[in-house]
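Let me give you the structure first, and then I'll get to my questions.
For clarity, chains are labelled A, B, C, D and E in written order, and residue numbers in each chain start from 1.
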């Protein structure tokens, strides 16, 4: 209700105003230490000396290295990376889909009437913690665990990707499913449909485009983050670019960045096609 | 009963082709990689994984080290938060150019902006960091900028899609009334997509905490540098403390985003 | 049956793989079995793999060997090393004219190689400590480039003011003219110590150990194939080695607080 | 079904908010057809949601089929929900879905999981969907997408969903609001008759007072979260209606009788087609 | 404003679809108040969208203020749009927005960009929003969130937006559908009177025939995308209405007169409060 209950009198002030001023102040108060901690000094980017160094390095990018031998290596690594990312994501989906569904509030029957019941709430909390654990342990740690079991090579790398991406995808799936309009889902649940039925009849059709494009985006991330595969000797484009970068070999970096740009554009095309089909 | 030929699920031909291509890609991937599943499921495997995990205990909780980890966490938190914030602002601006705001929007800037976003995100954080380390020097500032640059590309695209996906009704009503694109965005589209945008930003923030771990290795500071150092030296107990700190940070952001989304819903 | 080999990534993995190829062919012939080389980008992964017997033979640095030995409870056996490795040294390089001695490093950005590297981190650090500086406190910032060649590149690009690395990589860069010695120069060279070796797990049958040792020791500069391999390994010849050679490094690691 | 002294606030109401329904008591026999009428904001939607077990009463008792839904285990509660059907005020249809799927979603409580999956690929019971749509004169839109329907057509799709559902209690929130006068009458009649034929209990909130009086035997007048009257249709007098719909200010304005105030306004629903 | 032999299909209609409006001609003088009535699916919403320059006619001419909107440059078109207001059938309110912001969004065409930005932080014209809401008896919800309103309250917020807008042409799509009978009448009256006072042209699609006849001087009957009649309210006969709303099947069923068919049904809107 507005503060003034007497009809007719125009309220003189927006009741939300104080709150807004407070939050604005709080934001500024928070930003300041952030800037200090990160030594945020953008102007040093524009100092002539650092500009010169950067320009020298960027000049190295041109022309990109286009030797046949190198290109063949890049193409091979690119395919390996794509294959490993695809395998990793496919495995990740096996875990992410059930976990994501478990963590979704809008599929909870007991949450229909306000609070979730205790059992499901605990299950959901447990699932969320599992997802947090899966994705906050760095890939290198996963990789080292699997090196002990399967040795150096592709398998360890793919498993490491699968686990951490299961954590990421599961969480984002849950959030996407919760963030849209859930009225039609809740209507079905209220009328006695099961969770999975409500998922397939209301939640999925609404969010399929979003879900699929996020998955494709993650696939693309997996390609980029294949540095982790290098840890355990599975190779990959990410590892190559890391190495060339460390060597400040601009020409090689430029070529591989172009490959990345191409792969990203490819992912975008796939994502657009899926989106188009799902709407 | 009559037969209804129209009753089939109507997925376009393009969609069918896309699905088949994806299936093919997955099969080809598994086929070309020599994955070794056999070793995964032995008792010995479980035992040796268990031994590895057991080495983490007990975590190193000596005061000096915890203080060091706490400061590093703060640095990581600051780097990732500021990077994500910059990226969210820049991403939103670029997303406006990259999205078709309504059905009849000619969206001239759409193509070029999308390419810009693609380029930003095609370059991994690590490469951005190495690039920026040259001009900004070692330290968290370069890391922050690197996170911001890559994340701008990511968020810009996600935002653009969220904007294109949101329900047309409210925006339509304002547009036919003659309100400009930006105003329609502020008054009709933004309130609808805001939870989603915030959710994406928070998610990317969390992601950036982990990415900052990788950046630490190139000298950008924070938890990542500590992790790389102690992990490489097999200081498992110290590693456990660092991992716990990361877990806490991620859980914190996770909790925050859950709360915020529920407050906004 | 496949014989698996790996190496710590003290240089970029592509470089490692290139260097290893002829040696692997040679081992294949000598051992009579298929030999597979897997380059990794993380020191820890190489250590874990040998400790858990997921590879049969590994090229370790002195410090990595000590780490692996500690993790496996003393079950690592160093078989052979290059003659140069018995009196190995590191260099400190800089592009800053103001830096003339270790003491001048105070307040500067300094890059080591990998944190697990002997010649790129452990020994330089221990000599810096002996010179009365604590890298963690006295340097403005410590970076880990990850590999020796990367350290040279970082110093040359001005990312850091100074760096420490393996002398053999430095000499190779100078010989190949891959570095501008006008700008980047050595200002300190460490005393010598034991470094790299080829290590196996102690559980390996003695007969096979013998075979491997013999294969390495019989490499000579007289035939073309042997010369190619030794050149690539930057070795004059291989000599036998033993765990006791690395006691010094172990002590240094302890005193630097790295073990 | 009975409510006893129930307080309730809408779902997702902010915290610490006054209840919308206050001390409401009412009971409905199985098979009855009841119209709930009342001014905008009276709490009709809240009442229907409460009856549909969509929100938990803040205070008081609610019984359905002799059991108190909020004391049931989750399995029983779900079974109970399968026996009721709530059609919200704005039809909740996911865009891009086809009419046939949207309608058949009403059958879900009675379907096994595999059957409902199969139906996504090829609708399993086109006949039922067709029949339900035909009841609302919409069978030609069977395979249309719901976002390509007009407002009134969407509303009828929502009602067709109730038609195919196995529910024993229909709770319809303003089922006639977007329909033209002719259809209003036909649909109201069809719903009441079908409910009677199936023995389904029907509660509908309505703004069309004349429809309520013409088709529903029992009328509940709701005002400011309380029952103003609960009478057979024949006993609802214009004076009562005037009191039900009287507006705040007018009431307070002076000593004027509310009824007169109402009649001083331009005529209320007025006969046009006779 | 005039339409001449216009064909049109709804926005987002699939490809290759028959037009919904076929050969429609009609002209409205400035300041007139016109009610558009017709059965569900007749094309009322489509017509209003067409008039609001929201969709381009497939064939034929549409003129507004003497100029043809689709021949204008984008700047002129936008200025033209600033002079009209379309209130869609379902109130288009973004959830989580507050009522005051949602209402003031109606002022946007007249505001500079900075002003509209500022208003997001602190509403710049609380007085105007309050006055508009007061016209619909909703001023106590000024700072409420729109997703915490009942159906009828939301609809009135949508109308309040028209009230504050600087438009010279109001196109209201079923503005009364979710209102109670008392408010229906008050709102219809208020809208027509205010339009006359401001000299605003008013076109509203309605299902409340009695309201249309009571308050609007001119009535257009739309059926299957064509104008069935376009008459002063006084000349609209029950027979015409019966013909307008007659249902397909009934029409075809036999030689029965449509009017009789209609009357054979239970009574159409019937007077209750007199």
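Keep in mind that, in the parts below, a residue touches a chain if its C-beta (ideal position, glycine included) is under 8 Å from a C-beta of that chain, and two chains touch if they have at least 3 such contacts.
Just so it is clear, the structure is predicted and the values come from calculations on it, not from any experiment.
Counting hops only between chains that touch, subunit C reaches subunit D in a minimum of 2.
Two chain pairs are in question, A-E and A-C; the one with more C-beta pairs in contact is A-C. Greatest Cα centroid separation from subunit D: this falls to C. The most distant chain from subunit E is C, comparing centres defined as mean Cα coordinates.
Spacing of subunit C relative to subunit E, judged by their CA centroids, is 81 angstrom. Look at where the CA atoms of subunit B average out and do the same for subunit E: the two points lie 45 Å apart.
Shown for subunit C are the residues that touch two or more other chains, namely 42, 44, 52, 146, 157-158. Shown for subunit A are the residues that touch two or more other chains, namely 7, 53, 57, 140, 144, 148, 150-151, 153, 227, 242, 246, 278.
Among all residues of subunit B, those that touch two or more other chains are 48, 134, 137, 139, 167, 195, 231, 265. Contacts from subunit B toward subunit E in the complex involve residues 103, 169-180, 182-184, 186-189, 191-192, 194-195, 264. On subunit E, the positions that touch subunit A within their shared complex are 98, 100, 121-123, 126-127, 130-131, 134, 139-144.
Remark: subunit A residues 1-2, 5, 7-8, 10-11, 14-17, 20 touch subunit E in the complex.
Interface residues of subunit C, counted against subunit A in their complex, comprise 4, 6, 12-14, 38-42, 44-45, 48-49, 52, 54-55, 145-147, 149-150, 153, 156-158. For subunit D in complex with subunit E, the touching residues are 10, 12-14, 37-41, 45, 89-90, 137, 145, 147-148, 150-153, 156, 173-174, 177-186, 189, 207-210, 213-215, 238, 241-242, 245-249, 262-263, 265-274.
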